[in-house]
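Both complexes shown next keep subunit A, but they swap its partner, so subunit B is in the first and subunit C is in the second.
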Partner chain A sequence: MNRTGLHVDWTRCDGRGLCVELLPDLLGRDEWGYPLPHRSTPGRLLTEVPPGSVADAEQAVALCPLLALTLTTEAAT
Partner chain B sequence: MNEALWAAGRASGVTALALLTASVVLGVLNRSGRPLPGLPRFSIALVHRDVALAATAFVGVHVLTLLFDPLARLSVTDLLMPFAGAFRPFWQGLGTVAFDVLLAVVVTALLRHRLGLRTYRTVHWLVYAMWPVAFLHAVGNGTDARTSWFLEVAAVSLIAVTIAVVWRLSAWFVESSHARQELR
Partner chain C sequence: MNARPAAVATGSPTRPDTAGRLFVAGAGAGHEAHLAAYGPAPSSGTDLIRELELSGLTGRGGAAFPVWRKLAATAAGRRPVVIGNGAEGEPRSRKDATLVQHAPHLVVDGLLAAADAVRASRVYLYVRSGSGTPIRRALAERPDGGRVRVVVAPHTFVSGEAGAVVNAVGQGVALPTDRLHRLSETGLDGRPTLVHNVETLAHLGLVARYGGSWFRGAGTLEDPGTRLVTVSGDLPAGGVLEIPGGTRVADVLAACGTGPVAAVLVGGYHGAWLPAAEVDARLSPSGRAVPGAGVLIALGPGRCGLHLTAQIVRYLAGQSAGQCGPCRFGLPALAGAVGELAGRPAVGTEGRVRRLATTVAGRGACHHPDGTSRLVLSALDAFADDVAAHATGRCVAGGRP
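For the complex of A and B:
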C-alpha cells in the first residue's frame, strides 16, 4: 500500500479555502483563511492523506487557484 | 437554410454575451474566495469553468454559422485577423479580437497546470479587456442591437460586470480581508 502525502507550497498559498472544503477531515483553516492540518507529524512537511481521501485530494490539487498543492506517493516500508 | 444560419448566428451571439457575462461574474466571485449559500468555493470554481466553456461553445456556433451565412459575408481570415471584414469591419473586428483572446484564455486556463501560474494568470487578466470588446462588438455589429430585448440583455450584462469589477477593486473584496488587514 502506497502512502500519499499532501504538500502545500506556502510561497503560493493564498488561503482561498477550496482544499479545506474538499478535505475537511485533514485540514482546518486559521483565522486568516490558510489551511491548517488537523494532525501534523513533527519533522514532516507532508500531511498524510488516508486512502479514502486520495480522490478528494486529487480534486483539491486540480482546483487549487494558486496551484499550491502537490501529492506525493511513496511505497510503504 | 440561410434563414436558419442567420437566426442561429444571431441567437448564439446574444447567448454567448449572456454566458460570458455570467462567467466573468462567477470568476470575480471565485477570486473573492467567498462561497454562496448552497454553493461551496470549489463548486463556484467548477461552475465558473463550465459556464465559460459553454460561452465558448456558443461563440463557436456564432462564428461557424455566420461563416457559412451569405448575409454576414464572413471569411476564414476574419476569424483571426481583425478589421478586414466586409460588413461593418470595425465592429466585426472587435468580435475577432475578442474571439482570439477568448481562445487564448480558454487554452491557457485548461493547461494552467502545465503552463504555470504566471502565464495562466497574465492571459486570464486579459478577460477584463476582452469582455468590453465583446460587448462593443455585440452592440455595434449586431443587427438586433436596436431591439428592446437585446438592449435589456446588454444593459443587465453591463450592470452585472460593472458591479463585479467595482466590488473586485474594493478594499474588503477578499473573504479574509478584515482578518488580514487588522494586523497592519
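For the complex of A and C:
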C-alpha cells in the first residue's frame, strides 16, 4: 500500500484556491487565500492524501493554473 | 571582532587536546603557522565517513544534522559537488567570518577532505564579501588551493539557507528554491550536493587528522567536541568564543562578564528565548538551549523582551524573500501583531500572534517562516508575565511598554 502526499511549490502558488475547492476535506485557506492544511504534515508535504481523495488530488494537480502542485508516492513503512 | 578561545592548547603542538582547538595557529594564521600548529594536511586514505560517525560531529550552521550521514548520502551519487557555506546571514553571528579570517586553512583542509571523501568533481567556498580577501589569500598559499572556487554571498538573512546557497553558486541568485528532494540527491546542476557550514568543515579537517575519538575529548556525550558561539546583547564583553559542547548558558555569559540577565535568546533570530530561571541549561542540539548557529543574545534586567522580539520580527519580515505567499504576507502581519503586544495590546492580540505564528510555520520553500514562528512562540512563553502586564498598560521589565 503506497502513501500519497501533496506537495506545493510555495514559490509558484498564488492562492487561486482551486485545490481548496477540490479538496475541502484536506485544505482550507488562510486569510490571504493560500492553502492551509487542516492537519499539518511534517516534512516537505502540504498534506497527506488518503486513498479516497487521490482522484480529486490528481485533478487539483492538473488544474492548478500555476502548476504549483505535485503528487508524491512512497511505500508505506 | 577577536576570537577568544576558551583555552589555549598545551601539550603536543599537533594534537590540541583542550577546548581551544580552532584558533591554535594564532591570529590571521598563514599556511606555515597552520602546518606548524596542526601538522601536515590529512591524508585522504583514512575512512573519513567512519571517523565522522565516531566523532558525533553535527552541522554547525544551525540544523545540527549528523555530518557523516550527509557525506554518506552524497557519496552514493554520481559526480557530487561540495560547497563550504560561510554566508552567515544571521546579523548577530560573527563566528564564520572570524574563523575564515583567523583559521582559513582549517576550513580549506576540511572542505578538501570532504570533497575527497565523496569524490567530488567541483568544490566551492561561498563566503561574505568581507571574507573574500582572507580566503583568496589562503588559497593562493596552498598547492591544492586551485581546486576551490570562491563565490561571494550577498548580505541577506536567507543567503545562507542551503537551497539559496546552491542557487547562488549555480545561478547567481541567492534565493531559496522549492525542493521536493534532498540536496544530497539533486542539487547544483542536478548533481548530488553537499553543503556544509565553514565551522563544520574546520572541525571535519581536525577529525580527518586526529580521528573521531579525539574529537570526543571535549564536550559531552550529547554534544561532543567544541563549538563557536557569538555572544552579544546587554553584556560588557561579547564576541566569538570557542566552548566545549554542553557548556551551560550561564557559564558562557559569565565568561563575557555578565551579571544577572532577564533572558537569553539562544540560537539567534530563528532561535528561542530562555528565561532567566533556566540559564543553567546546557547548550545542546537535543536540549532546551539549542545552539543553532551559536548565537546568544543577552537581555539585561530592565529590558523588555517583547520589545526586542518585536524589533527582530520586524527585521525578519523585511528579510522575507517574498517568494512564498504565507511568508510574504504572514510575516509582516505577525510583526505587526507582535509590535502591538510589545506596546499596549488590545484584547485578542495574544491569540492573533499565536494563530499567525502557527499558521506561517512550515509553509515556505525554506525555513524562514518556521524559524520566525519558533522565536515568537518562545517569546510568548518566556515573557508570559509581560504579555499579561502589557495588557494592563504596565511592563514587568520596567522598560517602556
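Please note the rule applied: the second predicted complex is superposed on the first by the 72 of 77 C-alpha atoms of A that agree within 3 Å, B and C clash if a C-alpha of one lies under 4 Å from a C-alpha of the other, contacts with A are read in each partner's own complex, and residues count from 1 in each chain.
The rule is short, and it goes like this: a residue touches a chain if its C-beta (ideal position, glycine included) is under 8 Å from a C-beta of that chain, and two chains touch if they have at least 3 such contacts.
Because the structure is a prediction, the values reported are computed rather than measured.
Q: Looking at A:E21 after the superposition, I want to know if it touches subunit B, subunit C, both of them or none. Which is it: first, second, both, neither?
A: Once the two structures are laid over each other on A, A:E21 reaches subunit B alone.
Q: Going by the contact rule set out at the top, does A:L66 touch subunit B (first), subunit C (second), both, or neither?
A: It touches subunit B, and subunit C stays clear.
Q: Touch check for A:S40: first (subunit B), second (subunit C), both, or neither?
A: The second partner, subunit C, only.
Q: Identify the partner contact of A:W32: answer first if only subunit B is touched, second if only subunit C is, both if each is, neither if none is.
A: both
Q: Looking at A:R12, would you say it contacts subunit B, subunit C, both, or neither? Reply first, second, both or neither.
A: both
Q: Between subunit B and subunit C, whom does A:P50 touch in the aligned arrangement: first, second, both, or neither?
A: Touch status of A:P50: no partner.
Q: What is the shared patch of subunit A, the residues that subunit B and subunit C both contact?
A: Looking at subunit A, the two contact sets intersect at 12, 14-15, 31-33.
Q: Show which residues of subunit B lie in contact with subunit A when the two form their complex.
A: 30-31, 33, 35, 40-42, 45-46, 112-113, 116-117, 175-176, 179-180
Q: Given the complex with subunit C, which residues does subunit A contribute to the contact?
A: Answer in residue numbers: 7, 9-15, 30-34, 36, 40, 42, 44, 70, 72.
Q: For subunit A, which residues are in contact with subunit B within the complex?
A: 12, 14-18, 21-22, 31-33, 59-60, 62-63, 65-67
Q: For a test of understanding, state which residues of subunit C touch subunit A in their complex under the given definition.
A: Residue list for subunit C touching subunit A: 176-180, 323-327, 329-330, 333, 359, 361-365.
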